[in-house]
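Just dropping this structure here.
Order of writing sets the chain letters: A, B and C. Residues in each chain are counted from 1.
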Amino acid sequence: MSAVEDVVTEAPAVEAVPKRAMTLGTGTSLVVLAALLIAPVFVKNFIIFQMTMLLIYGLAVLALNILTGGSGQFSLGQSAFYAVGAYTTAVLMEHFNVNYALTLPIAGVVCFAFGFLFGQPALRLSGVYLALATFALATAMPQLLKLNFLEHWTGGVQGLVVTKPDAPFGLPMSQDMWLYYFTLVVTIAIYIFAVNLLRSRSGRAFMAIRDNEIAASAMGVDVALYKTLAFGVSAAITGIAGSLGAIAVQFVAPDSYTITLAISLFLGMVVGGVGWLPGSIVGAAFIIFVPNIAEGISKGLSGAVFGVLLFLVIYLVPHGARQVAILGQQLAGKLRKN
Amino acid sequence: MTTLLNVKDLRAYYGQVQALHGLSFSLNEGSLVTLLGANGAGKTTTLRAICNMVRSTGGIEFDGKPLNNRSTESIVRFGIAHVPQGRGTFTNMTVEENLQLGAITRKDSAGIVSDIERMYAHFPVLKQRHTQQAGTLSGGEQQMLAVARALMLRPRLMLLDEPSFGLAPLVVRDLFGILGKINREDKVSILVVEQNAQLALELADQAYVIETGRIVMSGKAKDIANNEEIRKSYLGY
Amino acid sequence: MELFTNQVLAGIATGAIYACMALAVVMIYQAIDHLNFAQGEMAMFSTFISWQLMQWGVPYWGAFLITLIFSFIGGIAIERILFKPLAKAPVLTNVAGFIALFAIINSSAGLIWDFTIKQYPTPFGSAPFLGSQLISTHQAGMIGVTVLLLLGLYFFFQYTRIGLAMRAAASVPESARLVGINTSWMIALGWGMASAIGSIAGMLIAPVVFLEPNMMGGVLIYGFAAAVLGGLTSPFGAVVGGFLVGVFENLAGTYIPGVGNELKLPIALALIISVLVVKPAGLFGRHIVKRV
């Protein structure tokens, strides 16, 4: 304890969320699943499209949640991974006629590699420094996609048009509805994977690093490996979301994947609750619908209205939707007692 | 003798956990009182509750005025200087800046300058190192700096949290000698929390023994030091 | 060789802008431990206020002074009203708050003053400075003001009691409270000062980039980069970082083939990140050792 200079025991930037608190109970999960399955039958195609986008953004927020809520690393560069996923699918489908479903795993693998490699230099950085590094990635990506020598593949500033797939086996449903169910299946599979990942040995390693990196390494956790792994997994899931997004909007262009997208995903994570996986869908709903609501309230001041709404949300529930869920649980518990 | 600090039925909480269960004690003007007890008994919490750094209920009166619900910084302005556990050194500032910070609430610049010189007389080692970054001092030197910083307030009451923690026995002797001198000569009342019961009892007039958030014993320091039973069952020496 | 010298000079001139912004960033980082993403928008809004005052016939320096005071009070008000309630909320929630503030200010400025580009006057004139084509008297004036500001801040933090109290509150808040410093007001004061410095930056930058609600976007990014490069704990480092980033940016644009305007930013950032990988606390930052 003697003559130490500027030694601090720093509180972790991300709150410790115990792993059981990261998910929903079985009963609630089944109710949500049933609602997601039945809903499209009753609504118009445009709403089905919006629900598809909700799931896609939900996946992207989930990916950030694994990185930040799980391993405590912060990223403003998720839009870059999303773009890589989207372009992988677009290029494979339009230049090589690869089946859309097959492009997803390929995009996942490509993004995993990209994220894993990016995680290497990021190892040395944390907090605001990591934020800056990932931010640089996000600002660079649209410019890189516009580069001349890639133009043959990427279509340059114009981007690429992606064909929307029909329902297979002559199933009697619209393209939108088919894509919704396809996305739903992928989303559920990834959600289950994510829940199990966080409950696994790797998940415990992530959380140990999040809560105290030095202690984790003293316990024998390979900090470098797991930090880059978290980046890889997060990038892979974001990339798959990007692929689905490209198919859903039938179009990719560099300027769809700017830093604004990364910031939206970040806001989605905060609103949903950092570290609470089911919150990802709530956060996705916020970033998809609230800007529209704001525009509806005042066209000229839509940004300001959005800002005010965001402030209201973080005042009321600084811990996001997770806080609402916890309050709900406590209330239910009390009611049961009475 | 007038009562300077009067604590009545003090209860303190960390979140849902209650750490103090109705603690009462008092301290006379000019006296040196020690709170003894094992790890986790609630000694530090008591000091933190006096400065409103932990949620608490109950009555805390200083010189007849209630301290409850005042902010930490306004309690300091009553003349209560708290030397926290771990010393709370401003590590990236110089020794002299640390001393100036101790007097930040005072307005008499001439008095502050002369008080800094007085501190250097009490603790010559601080004078040698006055332009050095405080974080580069040794543990003992930092403890002296913390005491000196507290004295710069010209406090009426000084709260000391385990001043002997982590220090070599010889350094502890020195420090306690200086504390006694400050108490006698500068008429500063002192409330000191200690695990080193033997040493604290030598120095103090009055002692209280805390166990799991309650006072279990109180009396003249001498009597407690001489009572073998108390020593064995509560103080462990 | 002459091209090189000229590019360095030009880099220093733009660097002065970044230095000014970086200084504001470091100020608020010292006070609240967060990077304020809305800092650029606050500066933009202040600059519009000064522009409006001049439209109403207030002379330049009068408008400058009023804007400075307005920004100082405005910064304090924003902290008291919007961010004090979030003091206990998680860090990332605070960051979301900055983004919300960004949206509010940007959108309001657009509604009040619309998005067309406006001319903004300079008090220094825009003739070539000492016969050099690359650096104008305005840019020289900007460098001068930045250096003066830095000296002023150094004096303030080193030799005044309130400066000492602010440093104490930022470095060990709990100990600061224990010596009687009202740390909560020190944070508000930090916001006020950062906002005032930002307004100076805005008013100096506006003649170069022109006045419009999105004028600070790029500048703030370079300002952040400069602050991080110099070390977030050091106002001096921030200013040096600002000049370095300006020079980097210009040299990269000149010497690396294929780098258009579009790629300048990513390359400058990549360079900064490479520096950070080697020196994680920035060039002049204090290294903070963490323990378990």
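Operating definition for what follows: a residue touches a chain if its C-beta (ideal position, glycine included) is under 8 Å from a C-beta of that chain, and two chains touch if they have at least 3 such contacts.
Fair warning: this is a prediction, and the values are worked out from it, not measured in the lab.
Here A-C and B-C are compared, and the pair linked by more C-beta contacts is A-C. The greatest centre-to-centre distance from subunit B, using averaged C-alpha positions, is reached by A. When chain centres are taken as C-alpha averages, the shortest distance to the whole-protein C-alpha average belongs to C. Spacing of subunit A relative to subunit B, judged by their CA centroids, is 51 angstrom. Put simply, the C-alpha centre of subunit A and that of subunit C have 31 angstrom between them.
Spacing of subunit B relative to subunit C, judged by their CA centroids, is 43 angstrom. With touch defined as above, residues shared between interfaces to two or more other chains in subunit C number as follows: 286. Of all residues in subunit A, those that touch two or more other chains are 4-7. Counting partners per residue, subunit B has 91-92 as the residues that reach two or more other chains.
Of all residues in subunit C, only 161, 164-165, 167-168, 171-172, 174-183, 286 touch subunit B in the complex they form. Across the complex, subunit C meets subunit A through its residues 35, 82, 85-86, 88-93, 95-97, 99-104, 106-108, 110-111, 221, 224-225, 228, 232, 262-263, 265-266, 269-270, 272-273, 276-277, 280, 286-292.
Contact residues on subunit B toward subunit C in their complex (touch as defined above): 51, 53, 71-74, 76-77, 81-82, 84, 88-93, 97, 100-102, 104-105, 149, 153.
The touching residues of subunit A, counted against subunit C in their complex, run 4-10, 13-15, 68, 74, 121, 124-125, 128-129, 131-133, 135-136, 139-140, 143-144, 146, 212, 214-215, 218, 263, 266-267, 269-271, 274, 300-308, 310-311, 314-315, 318-320.
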